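Let me give you the structure first, and then I'll get to my questions.
Chain IDs A, B, C and D follow the sequence of writing; residue 1 opens each chain.
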Amino acid sequence: MTAELQTWIGVIATLAIFSFLIKENPFYRFFEYTVIGMSAAHAVVMTWDNYTKPFWVNGVMKGEYYLLIPGAIAVLYYFRYAPPKYQWLYRYPLALIMGYNIGYSLAYDPRPFMTQIRGTFESLKDLNSFIYLVIFIGVVVYFIFTFGNKSAAVGKTRTFARYAMMMYFGVSFGNTVQGRFSLLLGRLLFLLQDWLGLVKLG
Amino acid sequence: MSRFLLLAAAEAQKLPRWGIFVDTDGAVSGFFTAVILTVLTWYYVTSARSGRPMPEIRKLAGLDAIDEAVGRATEMGRPVFLANRTAGVGSVHSFALWGYMGYVARLCAQYDTPFVNIAGSYLAAAVNEGVIKQSYLEAGRPDAFKPDTVRYIPDDQWAWTSAVAGMLKRERPAATMWIGYFYAESMTLAEVGAQIGAIQIAATTNTAQLPFFIAACDYTLIGEEEYAAGAYLSKDPMLTGTIVAEDVGKLIVLGLVVLGAIAQLISPENNFVSKMLQF
Amino acid sequence: MRRNVPVILTTVTAVIVFFSIVLFKTADVWPGRFDRMQQFMAAVMMFMGMANMTRVHGNVVLKKDRNWIFSAWLLLVMYVYAIFGMSVGNTNDTYRWFYNAFIPPVNATMYSMVAFYLTSASYKAFRARTVDAALMMACAVWVMISNVPIGDKLWGSESWLGGMAGVRDWIVSIPNSAVSRGISVGSTLGAFATQLRILLGLERRHLGQG
Amino acid sequence: MLEKLNNLDSRWMYLALVIVLVIPIIKPIGMSISVNKDLTQRMYDFIDSLPPGSLIMFDLASNSSSDTEITPMIYAVMEHMYQKGHKLLVAGQWSSGLAFWSPKIDERAREYGWVYGVDYVNIGYKAGGTSTWRAMGQDFWKGAMEVDINGTPFSELPIMQNIRKLDDKTIDCIVIFESGSPGMETWITYFPTIPLCKGSVAAEISSSVRYIPTGQLKGLIPGMRGAAEYEKLVNRPGIATQLMDAQSMSHLLVVALIALGNIAYFGTKRKMARGR
């Protein structure tokens, strides 16, 4: 019974969301607001279960006292919604988080970057790899913002790179179409197979 | 096939690394890349500070269009939307976003046009609020900030999208800006925006989503152009200096690639550029 | 104290984290601890989202704006579900039942709607107004046809150049992959520059008003 | 007439799309497909080249939204592993992906007669992101909290006795089924030595192929079409093959609409020019 009820809610939700294609309506709005409310709550519950509680129980309580310092600083973030006089306090946890992330990506991001650069010339042997190299150089030149803006050669290279990029976007678009229709097929199968029982696949 | 054998051979032969560094490909060269870029940036920023003229950034139509978009929203008396779903406070996309936000919020305050920011990260929402209030203050309109100027919608991809799509149809903004890293929701956002007739400006580095923004938006900033906005819009010579440093970085990359290609043609086994980058 | 200290704090933290990752051979002692500290901070800040939503929608409810009933419903759902979830845990059957009843179908339907938008967007956007648009359209059409069995019927993969699919594969693996790599090299450098702007204290917008 | 066509209401297109999708589902035609030599075939060959009994790790970095694309891929790769006698370690960077596919994988495993804990194991979702994976690179058991998805300790699972470290000596290949982030970057950045294959949703194909020539990816299954190709390679047609007809029709609809859009555009343009 409860599983059946779940399917029915699923069907109603599916139809309600699809109705947005025709017009925005209260039926859609109901599911929109319900799901935002639920996913806001879900985000809090998941953080609570996977981070806050385990960090407290398995971390701080088991002797990782150093965690208390960032924890205490993090509390300052709530001053964002305090009276204006105290609002500046939220900058401290913000500064720490930003610093951590900047240091982290400055350290890690160059490594795959090196592999990508190596990849442009390490396979150089046939016509294809030369075409590859030329297009790569063209695209990098396209993204140079400040030098050679008056040079005709740079201008021509940029036009060439732009055409190559447009080809890329076309291909990327064409390839994605397949995936998006797959998803829609999945939803139609839900309605036709799981709910109405009109077809049987797989 | 031989290409793969070659690569496999290169992988098998471990390069000795300096003792204190982590033993991973690109650990040392990556470290130096970070250091060189920092030094370059520092150099150009200092020379900009001392008044040396910086070259101009090439024209970026998408950024020039911001004024037009806000102007039209003012004429029509409709709001301007600026949204990003994924970026948290530590994300480089937020850093870039704040450049746009400061500029657009200031324009909106000057013209008395409602401005709405939709954020997918609650930490970023708090910071965005500060950025917008600051811009309103600079424009002399600190009272323009409303409680619903910054709206946090939980970063559950499709819950977020359903909310934004709903808002687009209900509030009918005259201009929408999609800035930062987007995934599959790009098509829905851009097409719903197009259906309500908004001027749309998009900027993303996610190459997989660029085609959808290009198809349905009026202006699209491709890849790295997203990051140049802060410097381009503020016209601050020091920020321009960082862009110049980045361009020098690109020239170095091009130099390395050309050098590596030549070395590869001469002797694939002893390609010193390749080894240097792997180090 | 209010502006300069956070800037210095950001720079110092970034430098420490950077060297701990680059230099420590036992990669997980200090970088791992920094990871944990950052995660714990995020865990402490977890109610910021609900605070923002309470303010936005609470305001709508108080002013009885358009759709205020929906906003009230949203707040009710959010608080009840959050308090219930935090007291019983996310693996509780009732909690999961509600989750599975509402969220996956809405998500999947929302996602699948992209197919509709894609159809209408390609009708309006792919018009050969400029060389750029014409190139993009031609490639998109080519790939779409070669991705489905009909493409094999039109120009089979056993024939010259590997047929439609063969040409598609060439475009995907040579020009396409070169462009993608070119863009990503640029974005990586651009991201560096953006981060360095914060690291060097040039960009201070995030510190906001006051 | 042409002006009307130029501003055709989107809702007519939506209706047409539903019709062209539903008819082939109910009444399939069954057209044959060719196999992509650079992507699908390469991945098939790589997995085929591993000696029998190799350990392959699945990383489920996706969720139920990508069901129709990813599920046939998982089934097809499992079928291949069954034919070759490989062993399977199921993990995932997305908790929602594990929750969704674990039962389906168990069902297939039962069909193949795989014994849990001997032929395959599911370690479940491990919170903590990349730092957790890196910890597993040092010590798999400790990093993974020493329990599988059901809470069974690793010490009771025979297959786990040989899995002590997440590295290239233990894991012969990682197959990631990905539809977004976190995804393959985790493996490319932190575990570059472990061979990586990818089952990719269609949207990610174009941005992933650049990793193929560098060897960072050993092969790739491109979308539902790729799944159908893999089904053909392992000789067991499934859902992907059955849905390819609906795919064909919808693709043709989009192409027809693009053609129609251009006719309308150029038609009205000429008319406007003449009118002036």
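Keep in mind that, in the parts below, contacts are C-beta pairs under 8 Å (C-beta built on N, C-alpha and C of every residue); 3 or more make two chains touch, one makes a residue touch a chain.
If you're wondering where the values come from, they're calculated on a predicted model, not measured in any experiment.
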### Summary
A student comparing B-C to C-D should find more C-beta pairs in contact for B-C
### Message
For chain B versus chain C, what separation do you get between their C-alpha means, in angstrom?
### Response
13
## Note on the structure
Rounded to the nearest Å, the gap separating the Cα centres of chain C and chain D is 19
### Task
Find the geometric centre of each of chain A and chain C from their Cα atoms only, then give the gap between the two centres in Å, rounded to an integer.
2
### Query
Using the average of all C-alpha atoms in each chain as its centre, how far is it in Å between chain B and chain D?
28
### Summary
For chain A, residue numbers touching 2 or more other chains are 17, 20-21, 29, 31, 35-36, 38-40, 42-43, 51, 77, 80-81, 87, 94, 97-98, 100-102, 104-113, 115-120, 122-123, 133, 136-137, 140, 143, 165, 168-173, 175-178, 180-181, 183-184, 186
### Query
Using the touch rule from the top of the page, what residues of chain C touch 2 or more other chains?
18, 21-22, 27, 36, 39, 42, 45, 48-49, 51-53, 55, 67, 103-104, 106-108, 110-111, 113-116, 118, 120, 122, 124, 126, 136-137, 140-141, 144, 147-148, 172, 176-181, 183-186, 190-192, 195, 198-199, 206-208
## Note on the structure
Among all residues of chain B, those touching at least two other chains are 3, 7, 24-25, 27, 30-31, 34, 89, 92, 123, 126-127, 129-130, 154, 156, 158-159, 162, 170, 184, 187, 207-208, 211-212, 214-215, 222-224, 228, 243, 246, 250, 253
#### Entry: Arrangement of touching chains [line / ring / star / complete / other]
complete
### Message
Touching residues of chain C toward chain A in the complex: what are they?
### Response
2-3, 5-7, 9-18, 20-22, 33-34, 36-53, 55, 67, 70-71, 73-82, 85-86, 89-91, 95, 97-116, 118, 122, 131-133, 135-144, 147-148, 168, 170-172, 174-186, 188, 190-192, 195, 198-199, 206-208, 210
### Query
Which of the residues in chain D come into contact with chain B in the complex?
10, 65, 180-181, 192-193, 203-204, 206-207, 213-215
### Message
Taking the touch rule as given, give the residues of chain C at its contact with chain D in the complex, in rising order.
### Response
27-28, 31-32, 35-36, 39, 104, 107-108, 111, 115-116, 118-120, 122-124, 126-129, 137, 140-141, 144-145, 147-150, 152-153, 156-158, 162-163, 165, 169, 172-173, 176-178, 180-181, 184
### Message
For a test of understanding, state which residues of chain D touch chain C in their complex under the given definition.
### Response
8, 10, 13-14, 17, 31-34, 36-39, 64-65, 67, 128-129, 131, 134-135, 138, 205-207, 209-210, 212-213, 225, 244-245, 247-248, 250-255, 257-258, 260-262, 265-266
### Query
How about chain B: which of its residues touch chain D in the complex?
3-4, 7-8, 11, 24-25, 158, 183-184, 195, 206-209
